[in-house]
Amino acid sequence: MRELTNEYLEEAIEDSKPFASDGNVNMSLPTFDETMKDMLGVSIITPEKECYSAGDHKQYIPMQSTSKIIGLMLALQDFGKDRVFQAVGMEPMGDFFNSISSLEYHDTSKPFNPMINAGAIAVSALIKGQSPENRFKRYMDFLKDITDNDDLQISEEVYEAEKANGARNRALAYFMQSTGTLVTDVEEALDLYFRMNSVMMCCDDFARVGLFLARGGRSPREDEPLIPPHHLRTVKAIMMTSGMYNSSGHYAVEAGFPMKSGVSGSIIGAIPGRMGIGVIGPAIDKKGNSTAGGALVKKLSLDLGLNMFGVDRIG
Amino acid sequence: MRELTNEYLEEAIEDSKPFASDGNVNMSLPTFDETMKDMLGVSIITPEKECYSAGDHKQYIPMQSTSKIIGLMLALQDFGKDRVFQAVGMEPMGDFFNSISSLEYHDTSKPFNPMINAGAIAVSALIKGQSPENRFKRYMDFLKDITDNDDLQISEEVYEAEKANGARNRALAYFMQSTGTLVTDVEEALDLYFRMNSVMMCCDDFARVGLFLARGGRSPREDEPLIPPHHLRTVKAIMMTSGMYNSSGHYAVEAGFPMKSGVSGSIIGAIPGRMGIGVIGPAIDKKGNSTAGGALVKKLSLDLGLNMFGVDRIG
Amino acid sequence: MRELTNEYLEEAIEDSKPFASDGNVNMSLPTFDETMKDMLGVSIITPEKECYSAGDHKQYIPMQSTSKIIGLMLALQDFGKDRVFQAVGMEPMGDFFNSISSLEYHDTSKPFNPMINAGAIAVSALIKGQSPENRFKRYMDFLKDITDNDDLQISEEVYEAEKANGARNRALAYFMQSTGTLVTDVEEALDLYFRMNSVMMCCDDFARVGLFLARGGRSPREDEPLIPPHHLRTVKAIMMTSGMYNSSGHYAVEAGFPMKSGVSGSIIGAIPGRMGIGVIGPAIDKKGNSTAGGALVKKLSLDLGLNMFGVDRIG
Amino acid sequence: MRELTNEYLEEAIEDSKPFASDGNVNMSLPTFDETMKDMLGVSIITPEKECYSAGDHKQYIPMQSTSKIIGLMLALQDFGKDRVFQAVGMEPMGDFFNSISSLEYHDTSKPFNPMINAGAIAVSALIKGQSPENRFKRYMDFLKDITDNDDLQISEEVYEAEKANGARNRALAYFMQSTGTLVTDVEEALDLYFRMNSVMMCCDDFARVGLFLARGGRSPREDEPLIPPHHLRTVKAIMMTSGMYNSSGHYAVEAGFPMKSGVSGSIIGAIPGRMGIGVIGPAIDKKGNSTAGGALVKKLSLDLGLNMFGVDRIG
């Protein structure tokens, strides 16, 4: 077992970097290019607010699918578990995150879970607000609160690209409208979804989201309860079974703690009671996960004893 | 939070029994009939060998799919992780446990995971032995060791019924032979699989399997390492993402610890470092899980603080 | 064998009407209601311009999917077979006409055939014209030509309903945009498709479309070649294998000539060299075909010897 | 339009031979090897018993899937249309001939049609007889009758290979047993199916099967009715929509008459009232059809005016 220090993290970064060559940078994201392929950064924050980091941890990238867990938390807060899971399931799915067949064949009334695109769009449509602007503002306020970072902002460039390349997500949303799953305005629901994906964050911010989940929902600013712990249990359980696209089973075995990834190469990890982890590594594999980032979280799990299925803590 | 006592378990049984009416007894199992619908039993064993039980915990029923985790442990011991996961995946699947389409459409080279029938057949085919008899004997010896129960035996009646009604499993096995996934004799592989499903156990036995997993692989008899802990981490992670058929996501959220169920109404639970749980409740839902048993494990999780995604243990 | 007369057709109508009770009127179409359930009409026109009709043959209903063969003829004329079948396949499909899984799983580059919604949208997108209005005008001009009916017009009410209830078709179109199959503006392609479906016709008009196909592409007005016969062979072959939704095989067996149906209860039949048939019968079955109309065309085939797989004409 | 002569056929063979290079010989068939790649033969027989042939028309190859239409004729004779189509559908399917998903997803009670493997196995199981030997004898007697060839026999070598490599067909058959579609002994049904596929025929034999279908069921020996014409209409209609694997739509467009192919490179064509065609060309494409043979039938259709969707015969 290793001790968690900045030096250890630097070493872990060096060990994991070579895996970047197994992946490719997602060129459909504006400002993403080949020069980012070897980037790798990590931040870890403990409940005691100790912060460790290494590598390119100051690099800002769009949230992409990591936004799905923020949307889910807000929807749970707004409507409670029963209502949210009327609109979306909580079962893992063996298919790609943008599968449309899974909607048609299995249960046309709802997407498998909130971690796939269709599910996240259905969940986003639940977030309360008088107007699209207001709904996105609530999202941003919540995100600023839990990251303790008032400077977070959307990348207009990423948002425009999301809209321009949104055909597959439009197909998913209109399909859900056709089955009655999505009852609000489709283009409005998509617009919020695209905005959520376009917020720029760095490893420290991702790690703070992880810590918020790991600590049971207390505001980092005033240490007051912001969201009931049982909602966060729900989010973490779904991250464990479905957070890493259709490699979620692999990461449950090889890392063993709740994580959520995005095609920008971002990963948020939440080890209950112990720490939040934020990783960026823009080279992703075919399933959408950061290759170097994935290698890194597996190494952290092993070296720091983070695997929840282990019994290392037994006397 | 409640204290774990026999009285508490009796109370929990009473609270959960009414859910039996939501399910049906699997009449294709010999000796199973309507009179078993309201049966419900539970045993819990701690690392300190304290044993608590209530209800019909002395009732013997066939293992059915709970045998899948025993087969997986043996195969991991015999061949190691790399070889086993060449034959089978480790990803959860959004489909029914006997889906054949999932083999055809997704990756014909291997079934999604070892908890679905196709996957378990592929894994059983790996268990070493000079002859079918010898392979099954190894299975029984291992099972007797980890349950500390030399009296375990197969029900010939159940085994004959498995064979007679095995058309769907034959279809899965021959399909895997046609794609090159199953390279051993199909009927031999099926025969071992059918035998494994037909071993009779009661709640105490199921709980001891759970404890073996929870303690990290030490023999209950001599407290010596029987199987490396990292293999058991793998098994528990797969139980979490895929152990409860296509309600695994639901149980990850609502109970939050590794479990495996069988269509006989059996459930094995393993809470790392804390306890093994064995449940029987023959009334099952459409997905194959005990309805009263499922209600019971969710109640135990809540009352005893077993949800691994909770942060109850943080100071 | 019966002789084709108005009296015979009246008799055939009476025999077939009871099958209306097996179907239901498509209430999503404006102006369609229960009172239309028992309507049944037929017109038959021969190359010699003899016209026979019976029942509600003067009733106007929207073309719905019968428009798909008009769009296909125009696209073939505009671009030729090679280009059209780069955008769409020509294989029958075992799935419902609005299946989206079939796009995802089989060959994401193109829909199965031009008789399913996705295929017809892709084909409509090919129709030439400087503007959406101009493209629809070309469609109407062609339709007026081949039906010899300058009074044909769109129902604005049906068109508005198509647009309002078009979520599933939008999903199909955006899915095709996401895979690169649809390269033109999605909403424009859909708008043309919705307009095409909304043109009102009666049995005489439907029969004239059938005759145009049966005669090999000569204008009914001036008897001049309007479209090359080989394109019409293509259309008729596709009608035979795919024209009656996923009952096309049934109708190939039971009637044995090229037909195309619509969910308004319309059917166009084309017996090469012999006649065109137009049928309306608004009560449709679950697959989308008129129940009484279907019974009628089967009876006509038998009584008039229209089954192309028969050998009645051999000496 | 060309005149049908031996010289014309020789010319057509030469023109079509180069397409053999687009395909591959099915090496899983015993005695099939690379030297057969360029083989191409054709025979055409008219109702007047005029016989034209060219190329390798004397080469014997196993029937493979062309046996499916013989089995269907026998089953229709034995049980009638209603009973046969309780066991199997008559709809074309957009999937590969050995698809198992299509059984699971669409209608588990029966396979799509009798031209796919699952459907043909279900149909073969219907053929009457006191014993497996007797059932196969009836098949052979019928086949000898309609081909007027008492020398037809099975290749034991092919039959053994079919059995040895039958895993996929076993999977299909056991799947159908599990859904109750196949109620007879699975291995017996498969054995008959394997035997049927293993009968050796040459172009003349294949052409005579085609002629039997084209003439409406009269025995070539005594010119007496052997099977009712309406059953043959059914068989020809299903050949048109489903006879050429999942290229059936393509051949309906490009050739326009009922055909059935086999993976040995055999093709049977039946032009109602006009002729029977037999083709062999062992190089097959990925869908299972002879590439040179396919080119040849398309050429014959064009040159001899065989396309049933044409209007060439109209005055």
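Read from first to last, the chains carry the letters A, B, C and D; within each, the first residue is number 1.
Keep in mind that, in the parts below, a residue touches a chain if its C-beta (ideal position, glycine included) is under 8 Å from a C-beta of that chain, and two chains touch if they have at least 3 such contacts.
As the structure is a prediction and not an experimental result, all values here were calculated from the model.
With steps allowed only between chains in touch, the distance from chain A over to chain D comes to 2. Taking each chain's centre as the mean of its CA atoms, D is the chain most distant from chain A. One inter-chain figure worth recording: chain B and chain D are separated by 48 Å, centre to centre, where each centre is the mean of the chain's CA atoms.
Work out the mean CA point of chain B and of chain C, and you get 55 Å between them. Chain centres here are Cα averages; for chain C and chain D they lie 31 Å apart.
For chain B, residues touching at least two other chains, in rising order: 105.
Inter-chain contacts occur between A-B, A-C, B-D, C-D. The part of chain B that touches chain A in the complex is made up of residues 47, 89-95, 102, 106, 112-113, 214-216, 229, 232-234, 236-238, 240-242, 246-250, 252-253, 256, 258, 272-273, 307-311, 313-314. Per the touch definition, chain C reaches chain A in the complex via residues 99-101, 103-105, 167-168, 170-175, 177-178, 186.
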